[in-house]
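One chain, subunit A, appears in both complexes that follow, with subunit B as partner in the first and subunit C in the second.
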Partner chain A sequence: MLSNLGNFLLFGSIFITLSIIYFAYQNIKEKNIQIEKNLVYLSFFQITFIITSFLLLIFAFVFSDFSLIAVYQNSHTAKPIFYKIAGVWGNHEGSLLLWVNIMVIFSFLFFLFNYKFNKSYSLYTLLVQNILILGFLVFLISNSNPFFKILPIPLEGLGLNPILQDPALAIHPPLLYLGFVGSSIYFSAAMAAILSNIYGKNFASSIKVWVLISWSFQSLGIIVGSIWAYYELGWGGFWFWDPVENASLIPWFCMTALAHSVLVLEKRNYLYNWVLILSIITFISSVTGTFLVRSGILNSVHTFANDPARGMYILIFLSLMIFFSFVIFFKRKIYDNFYLEPVSKETFILSNNWFMMFYLATVLIGTIYPIFTQVLYDTKISVGPPFYNSVIAPIIIPFLIMMAIGPKIRWIKQKYNDFKSVILILILSCAMNFLIFSFFKSYDLLSNLIIISSLFLIIHSIKDFIINSKTKSYYNLPSFLSHTGFGILMLFIILNHNFSKEYDLNIKVGETKKIDNIEIKFQDLKIKKRENYNAIVGNFNIIDIKKNYQRNLNPEIRIYDNPQTLTFESAIKTNLKQDLYLTMSNIDGSDFYNVKFQIKPFMLWIWFAAFLTASGGLLRTFLKK
Partner chain B sequence: MKISFLKIISISLVAFAIIVFFLALNVDKRYSTEKIVGKSVDNFEILFLNNDEMFKKQDLTNDKYHLINIWASWCLPCKKEHPILMNLKKENNLKIVGINFKDKKLNANNFLRELGNPYDFSLSDKDGTKSILFGVYGVPESILIDNNHKIISKFIGPLNFKDYEDILQLLNEK
Partner chain C sequence: MLTKKIKKRLLFLISIILVTLSFLIFIYLNLKQNILYFKTPSEIFINSPIEGNSMVRVGGMVKKNSIQQNNKEIRFILTDYEKELIVVYNGTVPNLFSEEQGAVVEGILNDKKYLIADRILAKHDENYMPPQMKKILKENAK
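And now, the complex of A and B:
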């Protein structure tokens, strides 16, 4: 019953999408300047159908309708309601339906906002976006149908993987999707801009807000994912340079570059081609990322039920998308002529783009290189953190400096005469670095330089902001927040990187072990019964002899029933200065427990700074001039 | 028509990437442990534990069987299987390759000094990336390779007496 209704809605959506494509095409050919009313109605039906189908799937998960395979495989009656809902996008089929939903919502809203703007531009955007929607709808129905039936109907579901049963992870996919699926709309708009020959400035102002929205959500999605990895995976780190993390980072670099260069286009009508290219590759990189994750050609913590047919479909779709966007783009025979003054806002923004492209190339090569070596040489290699850290870290330094000076430079041309304050701030940053250095003791030259340049960025931004706020104009607030946030982020990541401590030991109940100044006492073990799992809770007492404090930490080993899984929950005590992080795991056939105790300085600041950076984008979206 | 250099470069790069992706779809994923048995060993290069030289696939000589044992000083079950490795050391047609997994060099050498060194070759996989090649889930694990570089058996967890007998039987079949 539910399955039939769901399938009806999906087929209905396909039919409507086809009609939109047809009518939009007809409408473009007609001479009148009006957009036909029926396209608005059709779009409205489309969004209604697709959202209803999504709600229907949520309904099926909430009421545990196991006649659907997707529900049977990913849910269980004994699950808390929150995780029943999160289960909707915790699997390939449901997440793809969410994907299509976001594409349709963005399409509808973009159409609504630009309805009166320029007929052929709006229609072409609608047309291209609906071709993309059609592609994903066909994919959804042909081999990832969330409304697929199972007979006989099972009485109980298999349950959601316990490590996915987590609040941060429940919101991580929707946030990330709003980011990189959202980028589809400016892909379509870029195609439309070329086809309808629209003026660059107008194109820039019509996509600007969408770029900002997707950038903000992409950032939030990445942050929430890192937070989850930090406390759930029990490893103590928050960024692994895992291929799938990289897959979310690559579109983020494009979006960051785009969010900046679109300003140049809007203001100066420069870089039109470049903005078009960025708009196109943002979505292409999003789909490429999806391909890498869903096809299973990369191994990582994000495993979906892999099926080569899916990989094949996405890859064909991706190839077609790249092919047609290239053809359309190369047909455009207009070349940008521009002259940029070395000291102007345009130049600085362009320098941001160069940095972004450098990071993008690094991460892209690191991510796909192992695939290439495997296919071409049959050699397995893995590209790990040392590669990324050593290539990316040094280039952070000039990036931070440019980021500090850029926002204050004026458009077009400026005689730069602010050397005095720059040198003052530089001296101040060096002095502060010296203080930090003498407080913490040694770290290497590179860390010194990064700390100095991030302090430079922070102080410079604050100074600019204070001077600016005298004029009572708060238009610069978002970029101030993002830039300062990024400076703080880099500062604390480097400090954290240098001063994290890790102790690894095997210990029995009742034992006390002492390493350096830390005394770790394993007091007792308790077994506790919780709502949907049993837990073995360890009680550890950590005493720092030198600093004279003590903390209790209670890590858990959880035993879930459906599906039967063991998970290891870390115990974390957070304060402004540092996190104490402890995980324990049992060792088969012995009384010993393997305990990993870590001291991670400034974790709270890292999260705070990351949110601050993302908040700038959101604020700019809603802040009017 | 003017053919732009940039166009050709970008198109061919993208086309190349897509072709590789297509090929990659058909490469079977040998990370799973069941599949690894029966396959021949991929090329590898792993650093020695106590010097800076590399041990390569070619160093697995053709006249002997090899047992690759993945271990760490912090791993208690590795202590448990240690006597069995010491016994296997006595076999003439078997060479034992120990890969020290995510460990400190000092601790590893102390471990071998205390309990005896069963390994003909001691290698080091400091960050755990090289052992992926052998489909390793955790430590200890052991992989038996025949004289044609084919993986003939895999032991997850500490070797016990039964595994010991199995290995002897496999060696004598030769």
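And now, the complex of A and C:
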């Protein structure tokens, strides 16, 4: 019953999408300047159908309708309702339906907002976007239909992987998808801009908001993902340069570059071709990332259930998309003619794009290099995190400095005469660095330089903001938040990197171990019964002899019922200064427990700074000039 | 004679190319230093003289009854059903680490039979195995 209804809605959506493509095409050919009303109605039907199908799937998960394979494989009656809902996008089929949903919603909203803007531009955008939607809908129905039936109907589901039963991971996919998939709308708009030959400034102002929205959600998605990795994986790190993480970072670089260069296009009508290229590669890199991760080509510590047929379909779709988008792009034979003054906002924004492209190249090369060696030399390799750190870290320094100076530079041309305050701020940052340096133990030259430049960025932005707020103009508040946030983020990441401490030990119940000034006492073990798992809770007492404090930490080993899985939960005590982080594991009932105890300074500040950075984008979206 | 404008543009173009090239070389050199080879115990046995202190990843099965623990470390044998490798590790193990399960360890080879592991990679799925591993194990088990 539910399955039939779901399939009906999906096939209905395909039919509507096809008719939108047809009518939009007819409408473009007509000479009149009006957009036909029936396209609006059709779009409305489309969004209603697709959202209803998604709600239907949520309904099926909430009421545990095991006649659907997707529900049977990923849900269980005994699961808390929150995770029943999160289970909808915790699997391939459901997440793809979410993907299509976001594409349709963005398409609808974009069409609504640009309805009266320019007929052929709006219609071409609608047309291209619906071709993309059609591609994913066919993919959805042909080999990942969430409404597939199973017969006979099982009485109980298999349950969701416990490691996914987590609040951060429940909201991580929708956030990331809003970023990933949101970029489809400016891909379509870029195609439309070329096909309808629209003026660059108009194109820029119509996509600006959408770039910001997708950027903000992409950032939030990445942050939430790394928070999850931090407390769930039990390694104490929050970024591992894993292919999955890189796949989300590459589009983020594109979006960041785009969010900046689109301003140049809007203001000065420069860089049109470049903005078009960025719009195109953002979505292409999103889909490529999805393809690499889902097809299992990239070797990752995270894994998705993968299936070669799916990989094949996305690969073909991707190739077609790249081929046609570049054919269309090269048909446009207009060359931007521009001249940039060395000291102008344009130049600084362009420098941001250079940095972004450098980071993008680094991450891209590191991520796909193993594929090449595999194919060419048949050697299996992976690229270690030190590669990314040693390439990216030095280039962060000029980037932070430019980021500090850039926002204050005026458009077109400026005689830069702010040297006095720059030198003053530089001296101040050096002094602060010296204080940090003497307060903690020593750290290397590179860390010193990064700390100085991030302090420089923070102080410089705050100074600019205070001067600006005297004139009561709060228009630059968002960029202030993002830039300062990024400075704080870099500062605390470097501090955290240099002052983290890690102790590994094997210990029995009742034993005490002393390393450096830290005494770790394994007091006892308790077994507790919780809603859908049993937990073995360890009780550790940490005493710092030098600083004279003591804390109790309670890591857990959880045994989930459905499916039967073991997970190790870390115990984290957070305060403003540092996180105490303890994980324990055990191998097959041995007396020894493997314990990893870490002191991670300023974790809370890292999260705070990252959210601050993302909040700038959201604020700009809603702030009117 | 080149006009001043063209000269300026040429200079700009050349400097951009030089900067890009130097960045690419920078990336490449770092890449070469930080490659982790993925090997099986027999591959380690057959080829490669041990390069001092270079990190490798080794994949295989944890041999039955081979895990030993004391208050300093964990010791176990990683096997691909042909050759074996003794792994010494200090730290927490991932969820699904147990005997007769696949594992990937990362660390420094002491000699061809002895590896000091830095970490054991986590896997979220009990059926999961890196694609390369699956192939090798299937062939060896025949």
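One rule holds for everything that comes next: the second predicted complex is superposed on the first by the 621 of 625 C-alpha atoms of A that agree within 3 Å, B and C clash if a C-alpha of one lies under 4 Å from a C-alpha of the other, contacts with A are read in each partner's own complex, and residues count from 1 in each chain.
To be clear about the criterion, a contact is a pair of C-beta atoms (placed from the backbone, for glycine too) under 8 Å apart; a residue touches a chain by one contact, two chains touch by 3 or more.
Everything numeric here is computed off the predicted structure, so don't read it as measured data.
*Asks:* After the subunit A overlay, clash or fit between subunit B and subunit C?
*Replies:* Verdict on subunit A: clash between subunit B and subunit C.
*Asks:* So, A:L18: does it touch subunit B (first), subunit C (second), both, or neither?
*Replies:* In the superposed model, A:L18 contacts neither subunit B nor subunit C.
*Asks:* On the A-aligned overlay, A:I322 touches which partner chain: subunit B = first, subunit C = second, or both, or neither?
*Replies:* In the superposed model, A:I322 contacts subunit B only, not subunit C.
*Asks:* If we overlay the two complexes on their shared chain A, which of subunit B and subunit C does A:D504 touch? Say first, second, both or neither.
*Replies:* both
*Asks:* Quick check for you: in the superposed arrangement, does A:F372 touch first (subunit B), second (subunit C), both or neither?
*Replies:* First partner only.
*Asks:* Looking at A:L55, would you say it contacts subunit B, subunit C, both, or neither? Reply first, second, both or neither.
*Replies:* A:L55 sits against neither subunit B nor subunit C.
*Asks:* After lining up the shared chain so the two structures overlap, which partner does A:K596 touch, if you call subunit B first and subunit C second: first, second, both or neither?
*Replies:* In the superposition, A:K596 touches subunit C alone.
*Asks:* For A:L435, is the partner it touches subunit B (first), subunit C (second), both, or none of the two (neither)?
*Replies:* Neither partner.
*Asks:* For A:L424, using the defined touch cut-off, is the partner it touches subunit B, subunit C, both, or neither? Pick first, second, both or neither.
*Replies:* Neither subunit B nor subunit C is touched by A:L424.
*Asks:* Mind working out whether A:K380 is in touch with subunit B, subunit C, both or neither, as first, second, both or neither?
*Replies:* It touches subunit B and subunit C both.
*Asks:* Who touches more of subunit A, subunit B or subunit C?
*Replies:* Of the two chains, more subunit A residues are contacted by C.
*Asks:* Do any residues of subunit A touch both subunit B and subunit C, and if so, which are they?
*Replies:* Of subunit A, residues 296, 299, 374, 379-380, 382, 384, 504, 506, 587-588, 590, 592, 594 contact subunit B in one complex and subunit C in the other.
*Asks:* List the residues on subunit C that touch subunit A in their complex, please.
*Replies:* 23-24, 26-27, 30-31, 33-39, 55, 57, 67, 69-74, 90-99, 119, 121-126, 128, 130-132
*Asks:* Write out the stretch or stretches of subunit A touching subunit B in their complex.
*Replies:* Against subunit B, the touching part of subunit A is residues 291, 295-297, 299, 308, 311-312, 315, 318-319, 322, 326, 330, 368, 371-372, 374-376, 378-380, 382, 384, 504, 506, 587-590, 592, 594.
*Asks:* Quick one: which bits of subunit A touch subunit C in the complex? Just the residue numbers, please.
*Replies:* These residues of subunit A touch subunit C: 161, 163, 233-235, 296, 299, 301-303, 305, 358, 361-362, 365-366, 369, 374, 379-384, 386-387, 390-391, 504-508, 511, 565-568, 583-585, 587-588, 590-592, 594-596.
*Asks:* Quick one: which bits of subunit B touch subunit A in the complex? Just the residue numbers, please.
*Replies:* 7, 10-11, 14, 17-18, 20-27, 29, 31, 42-43, 74, 76-77, 80, 127, 129, 132-133, 157
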